[in-house]
Each structure stands twice: as structure tokens, then as C-alpha cells.
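Below are two complexes that have subunit A in common, paired first with subunit B and then with subunit C.
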Partner chain A sequence: MKLKHLLHVGIVALLGVGAVSARTWTSANGKNSFEGELKSFDKENNTVTIVYRNGRTVTFGTQKLSEADRTFLEENGKAAADAADPVDVEAALKEQKIGKPLAKKGILSRLEGEKFANFQLEKAPQYYLVYFSASW
Partner chain B sequence: MIHVSLDDDKKAAESWAAKEGFPWPTVMKDNLERSGLGDYLPRGIPNYKLISMDGEIVAEGKGAVFQKVAELSKTEA
Partner chain C sequence: MPNPEIALIHASCDEVSEDAVKWAYKVGFTWPTVLWPDWEAVGLGAYGAFAGEIFLVDSNGTLVAENEDEAFARIAELK
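After this line comes the complex of A and B, so read on.
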């Protein structure tokens, strides 16, 4: 759908769910793939934490990923993890007129499965694309 | 993107979001004032606003907002 595509562009461009971290991942055997944002990469223990599009966060061994994905982690994992440093993000949001109230606990929620759950911003964007709507 | 739901009924908002598969962080109506986004409430919905981190409205309306998004994306690329 065109609208959803445009909105996705907005998310990627403005909310800092950057092109480096949001990607399609493939299993080691190449049979399965899924979309998710890289949250952290532990090179020492060879584990990766990925946030699925539905908001669910999972951590697993990098051996479950394709060689291309493991190469990606080697080349981009640290930068992506640094960019998502929660301490820096929290401090940056507190400096913003828009980000400060949104960073308070309980203000934002996001779907987890079919229910809303509390959500904290993981990036401090320069711009916020705000969509006002209702189900009716 | 931040989705501001103006539904009075949270369950209706949740069902709609689940049906459409909304991936965005959402501000529910009962949190609108505390979120600071109540200051930007539009006269009608749906409505899009592009707001800088300092609170300035950079663009408003679907066409203008996405045009500005495209410009900013090029600048960042």
C-alpha cells in the first residue's frame, strides 16, 4: 500500500530506525527470513538482539544467521549498538522540547502482538512525524 | 513516526491498530496533554505534522509532510 510505504519511509528517515540497523535477516540455512532492527551485538559471546517489527525483542546466537548477516554484524554491529545506547538517547531526549515528555514512562505504547505495551524511544530524532487519527 | 490516537475507547484503538498492523509508537488520548502533543492538535483528522525536536511545525498536511520527509532524507543520505 502506498500510504504504508510512505509512512515507513517517514519512520526510517526521521525516527532514526536507521538503514544500518533495520533490515531483512536470513537464517543460516537460507530457508527463513524476517525483518527486524538490530538492537545490540555481543561480539564476545556471539549473540545478537533484534527487535521484530511487532516490537518483540529476541536474543540468540549469531550462528543461526546467514553468513551475510554475520558479516554485516562484524562490520556494523558495534556502530549500531553504540547508536542505540539507551543512556545517550535518554539524555538527548531530555534536551528536546518534543522528546522530553515523550520519554516519560507510560506516555508511549506500541503493539506487542495484538495488545499495546509500554514503549520507550530508542533514538532521539531531529524531527517527529506525528500522525493524528482515530479508528472511527 | 508517532501515532496519536484520538479514540476515547482504548480497546477500539487497540483493535484498529492490531488489524492494520501499526508498527508505530502510539500516544493514547488520555496521555495527550502529558505527551506535549496536545498543543499540536489539528482541527480535523487524519492529519500529519512534521515537528522539529524543538517544537517547531516544519510541515503540515500529508503532501507537505512527505515532501519535506523526502527532502530531509536526501539531505541525510
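After this line comes the complex of A and C, so read on.
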């Protein structure tokens, strides 16, 4: 149950390591939908970058999304666009006992497709929720 | 809305990274991951070491909660 709890709470409500939120996105014609986290929104060029649940990142024009999704982007996309300055984040992490070693290149990875890819924290969180897992 | 003050870190106890990635893919676990033995090298082994363990620690390394119930109760307070 712990894993389910983590997946559910984590995706729905927990944290900001780059993504603003996970939601179900719907196509403009209403026929297709998928789950993903908003990574960034470029209002000027009307493009959105979303991280699928399998870790794959895609960027496409907002005209492909439903009106409700476009409204969501207007209301919530600024937070994604205002992502913290990477230089400031790096400096802040270096001040942390926990963040400093995690910020070292090659320590953190994240599932992208079927592989782990290097990952860097995009914010310097105040707390770390650590979950130990094993495949066995 | 997500809480930007908390990062979920997944520490894999698998000794073979391929096992860890297969598991993460199977369950759709896309959170930032520290593989073994890196999580020992970065100090996370001081708080836990067994699969299924969950703890909440602040950025200074102070243990805030040492099990799932305590951790999520604390997180609820932070929202």
C-alpha cells in the first residue's frame, strides 16, 4: 500500500521538482486524453511541455489541447514559466546538508522511457521524503 | 497544487541498476532516484536502508518523520 499511496499522493499533491502538477489532458477534439505533468508553458509561442507518466517529455502547440486545458495553462502556466533560476537553485542546494550531495552530477536519475537518465533538482526543497524500494 | 517545499527521492536498494530501472518502469515510478550504493555515499543510509521504508528529513538533515504515517501527517500540515 505504501507504493500506491506514494504514487497517488505524490502525483496528485506532493512536490515540485520541476513539474507544476499532474493532470489528465484532453485533445482539442475531446476524443483523446492522457496523464502528464506540466513542465513548462511558453505563452509567447503557445507551446507546452508535458512529462508523460512513463517519463517521456513532449512539447507541442497548445491548440492541440482542449479549451479547459488551455484555460488551465493560462491560470497555472505562469508558475511553470517562473521556474527558479538554475544558478540560484544550485547555490541553495549547496547550502543544504541533504541537497548538496544530491546535486552532484550523476547522483540523481529519473526514469525516461525505459531507462534512467541524469536528473538535477530544479528547486531547493525544504524537506525530502525518501522512499526505499527494491524490485524483490 | 503541489507543494514545492518537498521533494520525493526514491532510493533503490537493488544492487543491479537494471533491476531498479525495470521495477521503476513496471510501476511507473518516475520520481528522482538514487541508486545503491550512491544513497549510502550521500548520507541517506543514516535514516533507512530497507525496502519499504519512508522517512521525511529536512534540508539540514534533521529527521522529521521516520515512517509513512508520520511523514504524511507532517506533509499535510505543510500544505
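In this text, the second predicted complex is superposed on the first by the 111 of 136 C-alpha atoms of A that agree within 3 Å, B and C clash if a C-alpha of one lies under 4 Å from a C-alpha of the other, contacts with A are read in each partner's own complex, and residues count from 1 in each chain.
Assume a contact is a pair of C-beta atoms (placed from the backbone, for glycine too) under 8 Å apart; a residue touches a chain by one contact, two chains touch by 3 or more.
Predicted model, so just to flag it, every value in this text is computed and none were measured.
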| item | value |
| --- | --- |
| Which of subunit B and subunit C A:51 touches, first, second, both or neither | second |
| Partner chain in contact with A:124 - subunit B first, subunit C second, else both or neither | both |
| Touching partner for A:59 - first (subunit B), second (subunit C), both, neither | neither |
| First (subunit B), second (subunit C), both or neither touched by A:32 | neither |
| Residues of subunit A contacting subunit B in one complex and subunit C in the other | 6-7, 9-10, 13-15, 53-55, 96-99, 101-102, 104, 107-111, 114-116, 119, 121, 124-136 |
| Subunit A-touching residues of subunit B, taken from the complex the two chains share | 1-7, 10, 12-18, 21-28, 31, 34-37, 40-42, 45-55, 58, 65-66, 69-70, 72-73, 76 |
| Subunit C to subunit A touching residues, read off their complex | 1-14, 17, 19-25, 27-35, 38, 41-44, 47-61, 64, 68, 71-72, 75, 78-79 |
| Footprint of subunit C on subunit A - complex, ascending | 2-3, 5-7, 9-10, 13-17, 19-21, 51, 53-55, 76, 96-99, 101-102, 104, 107-111, 114-116, 119, 121, 123-136 |
| Partner subunit B, residues of subunit A touching it in the complex | 6-7, 9-11, 13-15, 53-55, 96-102, 104, 106-111, 113-116, 119, 121, 124-136 |
